[in-house]
Structures are given as C-alpha cells and as structure tokens.
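This report refers to the structure that appears directly beneath it.
In this document, chain identifiers A, B and C correspond to the written order of the chains, with residue numbering beginning at 1 in each.
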Amino acid sequence: MIGLLQHVVDALALGSLYALTALGIGLIFGVMRLINFAHGDFIMIGAFSLVVPSSAATSTLLIGAWPAPLMVGGVCFVVIALALATERLAFRPVRRADPSVLLITSFALSFFLQHAVLAVHGGRAKSANIWPHLMEPILIGGVRVPQLQLITIVVTLVLLVVLVVFLRRTPMGIAMRAASEDFLTARLLGIRANRVIATAFAISGLLAAVVSLLYVAQTSVLSFHMGVPLVLFAFVATVVGGMGSLTGAVVGGFVVGIGSVFFQVVLPAGWRSNRDVWVYALVLLILLLRPSGLVKSKSIEEKV
Amino acid sequence: MSGSRLRSLLEAYSTPVLLSSILSLVVVVVWMNASGVLAQTVTDALIRVVLVVGLYIFVGNSGVLAFGHIAFTMIGAYATAWLTLSTFKKSFALQLPAILAEHQYPVFPSAIAASSLAAVVALIVGIPIMRLSGISAAIATLAVLGMFHTFYNNWGPWTMGAATLPGVPLYVDMWVALGWVVFAIFVAFIYQRSRYGLALRATREDEFGARAAGISIPRQRLIAFVISAFFMGLGGVLQAHFLGSIAVKNFWLSLTFISLAMLIIGGQRSLTGAVVGASVISAITEVLRLVENGIEVGGTTISLPPGSQELGIALVMLLVLIFRPSGITGGRELRLRLSRRARGA
Amino acid sequence: MERPDAGLSARGIVVRFDGLTAIDRVSISLQAGGILGLIGPNGAGKSTLVNALTGFQRPTEGSVHLDRTEITGWPPDRIARRGLARTFQAGRLFRGLSVLENLAAAAVGSGLSRREAEARALELLGWMDFAEHAELDAGSLPYGDQRRVGIGRALAVGPTYLLLDEPAAGMSDAECDDLVALIDRIPREFGCGVLLIEHNMRVIMNVCPRIHVIESGRTLAQGSPAEIRSNDAVVHAYLGTKTERGRAER
C-alpha cells in the first residue's frame, strides 16, 4: 500500500513534466500547425542558464545562485526571450509553408541550439545543484514522499488552472482558442496572427522554463541533449492525446508518464532496461485503436 | 531498335540517366585527381544519397512524413553484420544461433538478405500503421523506431547492446557505393513512373480525390513503405561495410533528422530533389569541416572555431527553408528534352 | 427482402450527424444509360446524399445497391472500382500532377496497367477536346477547365454510374452550354448512368429527362422537368422568386 502510493506520486510527477512539455508543444501546434521539436531545447537552454557559460568541466552557478524568486524569474525571462526570438527569426518567415517544412525548420533550429550550447559549454554533462533541500522527503499519513514530487504536481495543477482561466476569460486567450479550433476561419476573421502566435510562444517558453527548473531540481544534471527525451515523449503524448486538443496534450502527457512508471514497476527486473519498448508499444496500440487520439479535436478533421 | 524509339526511351528515363551520370562523373574526377580522404568523403556522401532516395520513395511520393525509417537502416546494418562477420569474431562478441554463428556468408547476398529483412519488418509493421492518416502515421513510425532502438540497445547477445560492434568486413569504396546509388536511383524512378507510384502521388495531392478514383491509400502507401525500407536497410548495410563497425546510438534522432532535412532541403517532391539535397548538404558539411580545420588563403591560415561545422549546416538549412520552402529543386525533375514536344500529340 | 432492380438503387437513406438529421429516408434509383437530376436549395443535403452513395459517409440507415450488389458501408475506393465514380464540388484534382496523370491515376485506380491507363487517358482527353493541355499541371488550369478535368478523371475510372456534384458551379453561361453538351453525350457514348447534382436550373432542365427534388433532407418531388416546373411545392421551396423562375425557364 505504501509502495503503491509512492508509485502513484512518481507517476503523477513524471506525467506532470510530460504534460507541461506536451502543452507547450500543443499550444504552438494549435496556433500555427507547427510541431516544435526545438521545445526540448528551450528546456535545455533554461537549464544551462543556471550556470556560468564556460567549457570548464566543473560548473559555477549563475542564475542558479540567485534567491529562489529571482532564479525562477531569471530562467523564465531567458527562455521566454529565446522562444520569442526563434518565433521572430526562424518560424515567422516560414509560417505559410507546408507543415513538413515547419517541422524541419524546428529540427534545424533544435540542431542549431544544441550545437551552440555544445560550442559554449562543451560536450560533457555538468551538474547544477539547485534546491537540494527539496529532495528530502516529508511524511504524509506515514508515507515518506519527496517534496519535489509534490511540488511538481502542485505547480503543474496551478499552471493548468491559470492557463484554463487565461484561455477562457481573456480576449487573447479566447482568440487563441478560436485559432486552434478553426485555424482557417480564425485567420480569415483577421485575428491578429502575429500577436496571437507571439503570445503562444511566450506561454510555451514559460512552460518550458518551469520544466527546466523542476527537471534540474530533480536530476541536477545538465547536458546539451537533455531536452531530447522530454520532447520526444511529449511529442508522442500530444499525438496520443489528440493532436490539436490542449486537453488531449495534458491527458496524453499523463498517459505516457503513468505508463512509463507502470512498466517500470510491473516489468520483471531483467526487462526493465526495455521499459521504453513497452511505452512505445502502448503508444502504438493507442494510435491503432484511436487514430485521432484520446481526445478528438474537430479542427484536424477535413470535410469532403 | 529504331532511332526514334531509342530517343523516346532515353527521354523517358532522362532523369535517372542524368542523375547517375553526374554522380559517376564526380566519382571519376575524384578518383583521378584527389586524395584518399576525399574519396572517403564522397563514399560517405553516396551512402547518404542511398538513404535519402530510400526515404524519398515513401515520403516524397506519399507526402507523409516518416520519422521511423532509421529503424530499417539499423536493422539492415546489424543483419549484415550477423551474416558477414568472421566466425571467430561472432563467437567472440555475440551469441548467435548456429546457422549464423558457424558460417560466414559472402557480402553481396548478405547485403540483399539484410535489406530484405528491413523490407519484411516494414511489411509487418506497415500493415496496421499505413491505415493511419498523416501525423498519426508519422508518430506511429517514430514509436516503431523507439521500440527497435531501445530493444537493440539492450539486446546483448545479438547486438552487444550499447557497445560498438567492430570487425564488419570493409568492402564499400567509392565505386561500390556508386553502383548501389545508381541501382537505388533507377528503382526509385521506375517505381515512381509505375502504376503504383502514380497512384501514390495522386493520394499525396488529394486523398479524397484519390479514393474516389478507386485508389486504396493504405495499400499504395504500404507498397512504397516496403520498397523504401529495403533501401533504408541497404543504406545501413553500406554504412556498416564502409565504417567497419556499428553502434545503436548512431541510428537514432540525429540520423533521422539529417536524412529528412536533406530530402526537404533538396525538394521532397522529386527524385532529383532527394539526390541534390543529399549531395549539397554533404558537400557543405565537408567544406565547413575543412575550414574548421584551417585552410590557407593567400599565405594566411583561416580557421573557424570548433563546432562551427554543425552550426553552419544548421544555419544553411534554416536559410534554405526560409527562402525556398519547397526545396532547392522546388519539386522539379532534372530532365532532357530531345524534341520540342515530348509526349501527347 | 425483395431483390433490388439492376442499376444504382438507394433505399431509405438516413444520415444523422450528432442527432441532426441531414438526410431523411431518401430513395433514389438510376438506370445505366439514364440521366437523373438531383436538385434542392443550398443545405438540402445533396452533397451528403452523394457522399452516402459513394462511401464517403456511412448512412445511419438504409441501403445502397449497385447492380444488385449491396455496397452499403464499403470504402469509397472499393465502390469506385466497382463502377461508381464521382466528381467533387471542390474539384479535388491532383493539382501537382499533369492533366494526363490525373486521368491516368484514376484509370490505374480502376485496375489498369500503366500503359493501358495512359492510353485510356489520352483517348478521353481527345474525346473531351482537351489533348493539347495534357502536359499542364492540373492546378494551373482556369476554373472551368478544372471542372472538365474532374469529369474526365471520373470517366477514367471506367464507371457504369457517374455522380456529378455541381459541375457547373461558378461557370459562365457559355461554359455551361459546353458542359451541357458534354454531359449529354456521356450516357450515349459510355453507356453509363449519370446522377447530376446541380444548383443551376439552366443545366438541369436541359439535360435531365427525370428530376428528383430534395429539401431539408427529404424528397419533395420527382418527375419530368415539366412536372417539376409546375409542382407547387417545388416552386414554393426552390423557385421562390420570380427572377429565378424566369431564369429557369429561359
């Protein structure tokens, strides 16, 4: 029983990270039909902003040494600025191109960002120890639960609520939803595309920054390809959840996160290294049974 | 054969003939003039052409992006190693069943068998996946790559897991690579002109229109997927016998990305685009690598800081995408017109 | 249940979307060699009915038979290969392929070899007087020509029944007259039955010996052009204003 609760918390915490990442990808997909592979590198750069840029083997904290509120603000600032800059410089010029061109543009951007960090910081993984006290467990009803896991879940829930309020109550949020639900009509109605898209990128950057902090607090490791597995699973999650649906992105994120922990727990020890085989198989199965994802979005279907 | 018959045949096949001739010319020039290092670079680029042409057969004709094709490359590379490693090396590094462990098979039939294995795997996974549409199919192929990647990474007895498997016989040089490239280009072209290729290109242009015209989309996509996987597997075979060693980590996202990028930058809707994309990106990579190592211009050595090769290539890609979103060739084929009116009339 | 007659026969077709009934118990039958006009105001459910007949929309109730074979619920490509071809209101040409390839792709879809398909496509283009445009990209053609290529592509399937979904939409009067002449020749020269869905009365009244009128998803009237013109319900629902009526009778 105690073990089960621990697994549930693990699953929800991992699911939270995937859900936040998937949401960042899903928002951008909604407003411009771009699957942004570089989202993982937003997370990666957010993490590297914690330390002083240098190719030395040991790292020195930079933003990571600031008091917590400043640290959070600083990382958010860096990643949001990066997201807005990529939108302006890389994605806006190709906005009207085919979705495959948009996707490859994000691939190229991802490659660029990773190698830029590689050139500055070197290829070796670095450590960045932020908030070590959060790794200490607290007792809830006799069960020891790491604080960080709980914080991850709570922060995710708070962000989801804020995002829902934003999307439903503010004019910009409503414009964004309109664009997601009916891409062409929204364009025709003259919703100010530039502002809507830039706002979506800013929010996506904010979500990436939060994931950077939570992820680094958890692992303390920085590497130039650390964003790749996150974005890969989040990408899969958006499709499993239902491409074009923000609810779907969150659901998909939790499904993939919970699935990963589930297989980690139930597979016999010798098979655990193959855990991801089962996660991918689950994804494949969901896609085959529900080709348009768990949460169906009207905007993707085409009419005869 | 009469002159006009020959001429119309040459005209119909001018695209693969021209593409093969140009690549052959490059190989001959390099063979006559240059160092072994450049020959190695050209061989590497030719192997890339095989991969990108393989990718084109499916992606270009169907318009469906595929993220999982590198799984077939990995399957081909390991399969040829199981067949062609010396029995001593097999017993040392792997635990294979007797039929593989106790024999060393000749390279040519092994190449065909290994590529065919990739095609068979594509047939099995393709039957359910090709029923999916667009983005779902793309993600499903990515899931397949993820499964194979993870599995091979942990399949010690057959793959040495995450370690590099050494000792694959070296026989792929510039000429062998050229031969296979020409083969790939001709097969891709013959497929594209065939009833199957035409039907698939119709589905790319309009799925509803194609279905109303009696075309079964899953069936046509499956045919292309299997042929495409054969050449992806062949690319893996060639790479294994060129480098002499293979590692699971090399068949993952960066190879997926670079081959897709080569195709899209060349122009995904034409065979010429596939060949041009692979050649141009390979050439630019090589130039940047040379500059990074330092070149002499008028007595002074200019060199770029390390890492600028990758940054440069990413920048070139972004610029091509921004200024020419339909790729360098814009989806056109290189063609020879011997008479003013080629067809019809 | 009695055996349906030869021909294309749809019985009691019902199509519902999320509780909304788009087609309500419509029955239709068409013989090889005949032309049936299907008219109705915008939103009457004409295109939904065509989609239900050709497999693009699964009917909620009812059955479709093609020469006594039940085809209800078949996928569209299988229905097409069986001999029921259609055009689309939106054209849906293979825009990046040449005109010749558009027709050849449909011929290939019906099961011909590449060589036979090209021969059939060239023959059809000659028949349509369009051979000189064979090498142009379909997407680069003017609107009226795209409509004709759409009809050519449907014919290239080698159909026994052909459904034309508003082929005259957006055409000038002169183009309409050419189109009428073309459609009129199809049953005679290809022996296939034509279901012509149109908004343009000029086209419908000139080609169709029999007309089926639907409104709000229901059958309103059936009969000859003269009967339809004098049917009060039709006049009320569809030819409501004097100007339209005048144009229809011209």
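Here is the rule we go by: a contact is a pair of C-beta atoms (placed from the backbone, for glycine too) under 8 Å apart; a residue touches a chain by one contact, two chains touch by 3 or more.
The shown structure was predicted, so the numbers you read here are calculated from the model rather than taken from an experiment.
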>> Measuring between Cα centroids, which chain is at the maximum distance from chain A?
In response: C
>> If I average the C-alpha coordinates per chain and also across every protein chain shown, which chain's average lies closest to the global one?
In response: B
>> Quick check: how many Å separate the C-alpha centres of chain B and chain C?
In response: 44
> Centre to centre, by mean C-alpha position, how many angstrom separate chain A and chain C?
Replying inline: 49
>> I'd like to verify one number: the distance from the centre of chain A to the centre of chain B, where each centre is the average of its C-alpha atoms, in whole angstrom.
In response: 32
> Which chain B residues sit where two or more other chains touch them?
Replying inline: 208
> Can you list the chain A residues in contact with two or more other chains?
Replying inline: 304
>> Give the residues of chain C touching no fewer than two other chains, as numbers and ranges.
In response: 56, 88
> Which of the residues in chain A end up touching chain B in this complex?
Replying inline: 35, 90, 93-94, 97-98, 100-101, 103-105, 107-112, 115-116, 118-119, 228, 232, 235-236, 239-240, 243, 273-277, 279-281, 283-284, 287-288, 291-293, 302, 304
> Okay, in this complex, where on chain C does chain B touch?
Replying inline: 54, 56, 75-78, 80-81, 85-88, 92-97, 100-102, 104-106, 108-114, 117, 122, 131-132, 134-135, 153-154, 156-157
>> Taking the touch rule as given, give the residues of chain B at its contact with chain C in the complex, in rising order.
In response: 193-195, 198-199, 201-202, 204-206, 208-217, 269, 331, 342-345
>> So in the complex, the part of chain B that touches chain A is made up of which residues?
In response: 65, 128-129, 131-133, 135-136, 139-140, 142-144, 146-147, 150-151, 153-154, 208, 253-254, 257, 260-261, 264-265, 268, 305-308, 310-311, 313-315, 317-318, 321-322, 325-326
